[in-house]
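Shared chain: chain A. Partners: chain B in the first complex, chain C in the second.
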Partner chain A sequence: MTGLDLPGFADPVGDAQTTFRALLDAMARPGTLHEVADLAAPPPLGAASASVLLTLVDGETSLWLDASCMAARAWLVFHCGAVLTDDPATAAFAVSIGMPPLGIFCAGNDVAPEESATLVVQVEELGTGPAYRFSGPGLRLPSLLQVAGLPEDFPVQWTANHALYPRGIDLVLCAGARFCCLPRSVQIEMG
Partner chain B sequence: MSFYNFAYLDEQTKRMVRRALLKAVAVPGHQVPFGSREMPLPYGWGTGGIQVTASILGRNDVLKVIDQGADDTTNAVSIRRFFARTAGVATTTRTAEASVIQTRHRIPETALREGQIVVYQVPLPEPLSRLEPSRAAASEMHALGDYGLMHVKLYEDIARLGHVSISYDYPVMVNRRYLMAPSPIPAFDNPKLNRSPALHLFGAGREKRIYAVPPYTEVRSLDFEDHPFRLTRAPQSCALCGARTSYLDEIVTDDMGGRMFICSDTDYCAERREKDAAE
Partner chain C sequence: MAEGITGPEPNVKRQRWMAVLARASVTEIEALLAGMEPPRPHIRLRGPEIGLVMARGRAGGGGAPFNLGEMTVTRCTVRDAGGRIGHAYVIGRDPRHAELAAMLDAAMQDEARHDRLERMIIAPLAASQAEARAASARKTAATRVQFFTMANMR
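Up next, the complex of A and B:
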């Protein structure tokens, strides 16, 4: 079972657009929850992470998969045309089940902070679990979001990532069909 | 029009623009390079804005296009018709009804709301370009956050003229980190960017740069403690609707020195007149 028997977007143009607009809104308002349309995603990927990858990844971007995502490899290569890489430091996009250490990915440089990696991370659940408090650009007031499945030292790791600003990693947290974005500009504390 | 992909651009190009947009939102005010495509209209007519709009537009969007505040000028009419034909989206002139507003050189007078996206057509994305001709040197200044050159320019204006002589494209600091050119909007519009509930996306086609200001982000017009940023506006009221707080255009009406001042935002002006007529 390689997932190759599973289709991509039913409406490639429309589904990519709706997913992107949700992503744009999620990135502009960090920590807000969004939902993607149903998609038969190749395990272990959920509908949200598969949709995000179909929307953003193609032959122009390098993609790094953590060991647990390898089952979806053939599907990603076929549907996205993704160029896979073994070296996380050269990846434009990275997919992982659970949070990898942020330090292994490219954080961009001061002249071109946009060259940093975007991580698509599947967590256990969004909307339940420990609460995190977000503040920064995009948020009128600090917002709260519960995320289950982040490592205990995540706020510490994130503080180090945020301190690199304007360099830094951007995160897309996914669980099932739900996702939220954490751009490097956001500050995170335990809520 | 089945000869084109939805909203004209091919999907590969849209993905490239979309990736640039997400990074631009993640680093407010930073100019992200992108592979600007040749569009069916010349550079300088809004190719950057059009590529951004084409990449975000969906079937349920309602699009408004303005040029210097007006819905009925050539550039606005052409771009609105372009997307009505290539994307089949609904269009409007009403600011409140629009989900995406593409604009050349104005921010609407009607207050923007959460969920709206404003797309700016940008001729010169680099705020330092008139002070530092080298793009590489300017990028390094952005990297170091070294904006002394711009402060010196403002200081020299004040020393020579008693005030800052920039009336449009007035430089702003975004999120206390990046100096940004707000596109040639009048300085009058600058305060509307500060902590705005809408998302602002800037596209420069010829210069191949995209940048963004997310909602509720601090956007401060550069100034000095003893010379604070001040709004300038023609002291007249609009000759059509009587507005005293909107930004005005001066229209020459004859060759005898006759002139009138009217709202630059045609939708705002028309709505005010409709309301007056109804009362």
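Up next, the complex of A and C:
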């Protein structure tokens, strides 16, 4: 067996465009929940993380896989055409189950802050668990979101990441078919 | 099963049958398939989808590659019930051709069916393609110009 058992998007162009639009909205309104269409994702990935990766990753972006995502490796390589890298510091995208330490990824540099990594992190659940308070650009009022499965020191790690602005890492939190985005501009406190 | 698929160079063999399938026409493949048991079910992993590839060539003394032009290609990848993955890239815009070729590529990797498919499908297609190539070579050879006058002139 090659580990490649599942197709990608049913409608590659349409589904990628729909997901991309949802990602744009999610990045513009940090912490709002968005949903992707149903997709038979390769375990351990959920529909949301698989759709986001299919949409964003291609042969020109390097992808770092957390050890727990290796089962989906063949699927990601085939359907995204992803170039895998072993070194998180060189990855344009990273996917992991649970939050990896933010410090190991590239935060860009002052001349090209857009070269920082975008992390697709699959958490246990969105909408239950500890509440986080988000504020910053895109949010008229601070918003609250419950996320289960983030490490305890996440707000501290995030404060360090936010302090790097305009450098910094962008996060896409996924659980099942739902996802939300946390761009580097957002400030996070325990709610 | 003298030859099978696991010879010293399995990739070379696979390349050969994939090339034969890509060059064959849908009508030819379907006519040959009609004489066999119905194909086993498969799922489509990707495509069939139509796209462009840049065809490159080499010419001149240096042999540096240049872009000849873009050409239309249809590709398809399927998986059969045994988990075998079949790929196909065919020239043109015929999704049916790409899917048939991918399905047969997967089936050809099955030891149990390989020899029969080789005999019933690949060999006849390869023979007709070789015949067409030979016929075209004969036609070309008939109009060949021998520059013997230049060779003999001093």
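Here, the second predicted complex is superposed on the first by the 188 of 191 C-alpha atoms of A that agree within 3 Å, B and C clash if a C-alpha of one lies under 4 Å from a C-alpha of the other, contacts with A are read in each partner's own complex, and residues count from 1 in each chain.
Heads up, the rule we're going with is that contacts are C-beta pairs under 8 Å (C-beta built on N, C-alpha and C of every residue); 3 or more make two chains touch, one makes a residue touch a chain.
Nothing here was measured: the structure is a model prediction, and the numbers come from that model.
Asker: Putting chain B and chain C on the same copy of chain A, do they fit or clash?
Answerer: The answer is fit.
Asker: May I ask you to decide whether A:79 touches chain B, chain C, both, or neither, giving the answer as first, second, both or neither?
Answerer: A:79: touches chain C, not chain B.
Asker: Thinking of the overlay built on chain A, is A:56 touched by chain B (first), by chain C (second), by both, or by neither?
Answerer: first
Asker: Is A:166 touching the first partner chain B, the second partner chain C, both, or neither of them?
Answerer: After superposition on chain A, A:166 lies in contact with chain B alone.
Asker: Between the C-alpha centres of chain B and chain C, what angle is subtended at chain A's, in steps of 10°?
Answerer: About 90 degrees, rounded to the nearest 10.
Asker: With both complexes superposed on chain A, which partner does A:23 reach: first (chain B), second (chain C), both or neither?
Answerer: first
Asker: Looking at A:139 after the superposition, I want to know if it touches chain B, chain C, both of them or none. Which is it: first, second, both, neither?
Answerer: The answer is first: A:139 touches chain B but not chain C.
Asker: In the overlaid three-chain picture, which partner chain does A:4 touch, first (chain B) or second (chain C), both, or neither?
Answerer: So A:4 only meets chain C here.
Asker: Does chain C touch more residues of chain A than chain B does, or is it the other way round?
Answerer: Ranking chain B and chain C by residues of chain A touched puts B first.
Asker: Considering the aligned complexes, could you tell me the closest Cα pair distance between chain B and chain C in angstrom?
Answerer: Result, nearest C-alpha distance in the overlay: 9 Å.
Asker: Give me the intersection of chain A's contacts with chain B and its contacts with chain C, in residue numbers.
Answerer: 12
Asker: Over in the complex, which chain A residues touch chain B? Could you list them?
Answerer: 12-14, 16-18, 20-21, 23-25, 27-29, 55-56, 58, 60-61, 92, 109-111, 113-114, 116, 118, 137-140, 165-166, 170, 183-185
Asker: Under the stated contact criterion, what part of chain A meets chain C in this complex?
Answerer: By the definition above, chain A touches chain C via 1-2, 4-8, 12, 78-79.
Asker: Flag every residue of chain C that touches chain A in the complex, lowest number first.
Answerer: 43-46, 49, 77, 79, 83, 85
Asker: Spell out the residues on chain B that touch chain A in their complex, using ranges where they run on.
Answerer: Touching chain A from chain B are residues 5-6, 11-12, 14-16, 18-28, 30, 32-33, 55-59, 115, 117, 139-140, 142-144, 175, 177-178, 195, 197, 199, 212, 214-218.
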